[in-house]
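Have a look at this one before I ask anything.
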Amino acid sequence: MQELVNRAKELLANGTVQRVLGWKAGDMAYNPEPSYFETEADLSDFVYDAFCGANLSKYMIEASKKEGKTLVFLKPCDSYSFNQLLKEHRVDREKAYIIGVGCKGKLDIETIRKQGVKGIEEISGASMDDACDTLKIKTIYGDKEVSYQSAMLERCHVCKGKDHVVYDEVIGESRDTVDGERFSEVQRIESMTPEEKFLFFQKELSKCIRCNACRNVCPACSCRKCVFDSNKFDSAQKANVDSFEEKMFHIIRAFHVAGRCTDCGECSRVCPQGIPLHLFNRKFIKDINEFYGDYTAGEDIDAEAPLTHFEFTDREPNEERG
Amino acid sequence: MQRIGVFVCHCGSNIAATVDVKKVVEVVSKEPGVCHAEDYPYMCSEAGQMKILEAVKEKNLSGVVVCSCSPRMHEATFRKAAERAGLNPYMVEIANIREHCSWIHKDMEEATEKAVILARAAIAKVNLNTPLKAGESRVTKRALVIGGGIAGIQTALDIADAGYEVDIVEKTPSIGGRMSQLDKTFPTLDCSACILTPKMVEAAAHEKINIYTYSEVDKVTGFVGDFTVDIRKKARSVNSDKCTGCGVCQEKCPSKKSLNEFNRGLNTRSAIYTPFAQAIPNVPVIDRDACIKFKTGKCGVCEKVCQAGAIDYNQQDEIITEKYGAIVVATGFDTIKLDNYDEYAYNQSKDVITSLELERIMNAAGPTKGHLERLSDGKAPKEMVFIQCVGSRCSDTRGKSYCSKICCMYTAKHAMLIRDKYPDVNVTVFYIDVRTPGKNFDEFYRRAVEEYGVNYVKGQVGKVAPLPNGKLLVQGSDLLDNKQILKEADMVVLATAIEPEASVRKIATMLTASIDTNNFLTEAHPKLRPVESPTAGVFLSGVCQGPKDIPETVAQAGAAAVKAIGLLAKDKLTTNPCTAKPDELLCNGCSQCANVCPYGAITYENKEVNDHGIRETRRVAQVNSALCQGCGACTVTCPSGAMDLQGFSNRQIIAEVDAICR
Amino acid sequence: MPLNENEFRPKIVAFCCNWCSYAGADLAGSSRLSYPADVKIIKVPCSCRVNPMFILRAFEKGADGVILCGCHPGDCHYSTGNYYARRRMTLLFSMLDYLGIEKGRTRVEWVSAAEGVKFSQTMNEFVEKIRSLGENVRLGDLRCKN
Amino acid sequence: MSHRDYSGKIKEISGVNPYKCMKCGKCSATCPSFNEMDIKPHQFVSYVLNGDIEALAESKSLWKCLSCFACVERCPRDVKPGKLIDAARQIVVRERGGDYLSADEIPELLDEELPQQLLVSAFRRYKR
């Protein structure tokens, strides 16, 4: 981490960049938050550890409008989001100095809590310099231990890869964290009966409080004004009446990011209700891969996006799924 | 809220027999925004239209709904009526209660209920209609013809004769195209050059025609009436203004090993060359891949012998940018490659040739000076076999599914010419069907059989095998005799399928003109608009649209010219007002809409916007309403709803949905 | 067909492209090829104009089935519109299936201007299918129900 | 089975749509066994289309076809007469076979010298 801070200071000092976009320590050890750093002194708050799951690429939309370059730290998966934004002309490559940072898998405090660890005060073993095998957790109920791998975010178990697709330089080592099948959850749902599927999603989506956290964090959901906030479709939403009415929002949201979603998993990470929102996006990714050939959004900015492209021989919509 | 008048047509008994029109009037008159509702036996009649006029004036209506037959029948009629009443014509919506209701339902209660719902949907839509105005765009009075074969020449001549400037772009060093390679033409057996060269000269001499040979279209932007085209004039290495066309350079050129494209590679040419004697312009080009000067830096013979001082080794490609109102594609055809047809031994024997190669052999300027001889040993053939449908009418992946259309006739021509000039040569034609529709065509084919003794065998050839004695063993079917024929031939001529010239793909992409799976350009309507591309301002001439012979090509070339002239004769074009329109404040600038636009109507601009007090420069979508045809593909691609379609807006369609589902 | 009080009468929205399917529906009409009055047609310029929002909106407001008709692939008046529509609808339908919405409530059919018979047959089949599926509950918005 | 059914069976086994034939005769032109055949390759198609499977089944051609598949290779319409005759042959073989080989018979047939493979493939082909 110190290496990142040193390099940031250097780049600020020599005028390459005017500000730094990174993470700063939060009020608890497990909730660092995205932040700008304008001066060397500001950087004393800088942090980069296993809880820095936040994807900073979306902030580059606004940073691109600012004077001068912004130094941004991107994890391998974040760099896909940045690239996708670049493809859509939302960020300015000239305005960004990208340091690709290593990643050993990011942690999920909720997953730790689910393992029965409550009253957390301090967590060690989550720094990039650590072995990242075991987390030693100090709680008000005494010390606990949890394996690092068991505390990882879902997305890290099915990581796209630890190579950055866009960067100016790369600092820090990464570690392969894949130990799951990316589409296994989607497949599990696909194999359910319609009734089971419906009940599953009704149960999950009824939790939605329309706080819009998923929309606000999503690097693909970056419209200046969301259709659900404008009168363009007579679709500005009112308060919930029906417990399942949020389906329209989530289906359309998934549809709007289909072919653009890099599966960064931020939607699920930030959902205060713990709805596995990535299951929508991942369903579309799986379908696109199956129907139109493998496609990874953000990987290649010159690739034809699946929904703005077609083949004469594409499958028919009514076709029974195999 | 609009002030809407609803008019329910009886259409005699067509509607009124099944739909209770009085009931419809009664129910819809209570709909929000409706200030007037009435029924009338024939709304489309003059008296019916007057009802609209009167009501608009009396009740100060701002919108009109007509419940009648399909909008495909009378939408235009009622729009005009509204216009006469002083309303914007796009404030009219039709509820189709005839084709979509009274004609398909028998139960009156059911049909009436549905008619009411359809009327409600139309009322809900009109409530959100806004007056639309057809735009105007100017027309540049100049046409571009891509391709300088007989199709392109004829189109250019016809357009130029009507008084408009025309540029021809031809990628080879001379105009003339495939027709200049032909020896004789069916069914009259005129010498091809004798009828073509006067046209070439006429085009070259025409004051309204400007010819760019050895040139290609590099880039096309713009739209109907206002295209901007970059033409790449490839470096000829010869100054056209100075060259006198004396030909000494070609004689003296020491590099003579290049395959002669004009003679289909059957002999060779020099590195500096004009493709054929009557070339226009009669100015050679240097083939830089073959030229010793360009390869080694040494030589320069042509420069030394050129008394006019026309050789210019330093010439560069030149880009010419020109504006056009109309573009005619006349890119022509080539024969398919025969690599997939090993059974015909084309790649194994020099004596198996294509029909186009035979044209060159028969031609006095060809590789054999017009003598029919075997290319392997120069001997005169005694036994010749023609095979029809080579690569045509194949539904497998090796060939083309279509009939190449010209082969039956040119084969009859070849057979006849050979029997006439060399009566001792036996000619056998293996055919599947002989297709000779066309004026004097069947008579021509029958003459080949009856007067010239050409042996037509119904059946395809399965195999051609070169024999050690230099002959070719042809194994074919005689289906009428139910026999298998084995014939030793001296030469085999393959009626090879034709396909669009390969460069047409690139050109179609530049023009956003659609192309079918065989690379033929698609016509706007296969029957009613056969010489227009669906892309406005682009016209089709000759084989680029589909296989055709010379008379058909010339006829289509003229038709394309007339269509182009019709466009150029206009000073201004009115455009469809139902076009896409972006809301700049909502636009993300992501370019997704531009990626799906089939017309290239969407561009992006960095534009200063004022978003509720925030002034900033944003990348926003711009729609060229002259180009946009109003399909709406962009509107669905746009996640923020910034892109909307006038006349079919998101809110209008949703209002219709709501009215129907209510 | 007399209206039976107890019979389930589905609400069906059919989006038809202006150039092929709407004309196909007109031909069905002028050929007097009957199909149930439950089907109401909305004219759109091209199948690619149909936003998934429209389809979900229809269901939310109480539709029991939605069908989208366009020109046959390759015949689109705008040359490529129906290809985009095909991909969009393929994904949307797959998603609806994934959410447990009954298969068959949504459908895409390519109907040319000459296919009046096909239009009528398609609508008859579709209405039959929706009748067999019954009322749409899963995609509806309860606020829109009585 | 009626003749029509046989026609359907042949289409099913061969996977060929005989209606695609444009009667060009390239199959007969390419056939090395043409002279040995009473019904010529290009005629297979019309026999199948006309449902005259009996004649085809009794023809010499059925056994003269070498299955060299030159006609299949070269047919411009994907009609593949070689596959048609092969299908007809299979029908005849199956028909004749009836219960040609039942599992119970196998132990008796076992012979030390007989390759196992042969028996297995024979059983596959000739079992009911």
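First chain written, first letter: the chains are A, B, C and D, and each begins at residue 1.
FYI, a contact is a pair of C-beta atoms (placed from the backbone, for glycine too) under 8 Å apart; a residue touches a chain by one contact, two chains touch by 3 or more.
Treat the numbers as computed from the prediction; the structure is a model and nothing was measured.
Counted by C-beta pairs in contact, the busier of B-D and A-C is A-C.
Centre to centre, using the average C-alpha position, subunit A and subunit D are separated by 61 Å. Between the Cα centres of subunit C and subunit D there is a gap of 47 Å.
Distance between subunit A and subunit C, defined via averaged C-alpha coordinates, is recorded as 37 Å. Annotation for subunit A: residues 227, 233, 307-308, 312 touch two or more other chains.
Contact of a single residue of subunit D with at least two other chains is seen at no position. Touching two or more other chains at once are residues 51-53, 57, 74, 80, 84, 88 of subunit C. Here the touching chains pair up as A-B, A-C, B-C, B-D.
Remark: subunit C residues 1-3, 11, 13, 22-23, 25-26, 28-30, 32-35, 37, 40-46, 48-54, 57-58, 61-63, 74, 77-81, 84, 88, 120, 144 touch subunit B in the complex.
Contacts from subunit B toward subunit A in the complex involve residues 517, 583, 585-592, 595-596, 604, 611, 616, 619, 637, 639-642, 644, 650-651, 654-655, 658. Across the complex, subunit B is touched by residues 20, 22-31, 34-35, 40, 42-43, 70-71, 74-78 of subunit D. On subunit A, the positions that touch subunit C within their shared complex are 186, 189-190, 192, 194-201, 227, 233, 235, 241-242, 244-245, 247-248, 251-252, 254-255, 258, 280, 283-284, 287-288, 291-292, 306-308, 310-312, 314-321. Listing the residues of subunit C that touch subunit A in their complex gives 51-53, 56-57, 60, 73-74, 80, 83-84, 86-103, 106-109, 138-139, 141-143.
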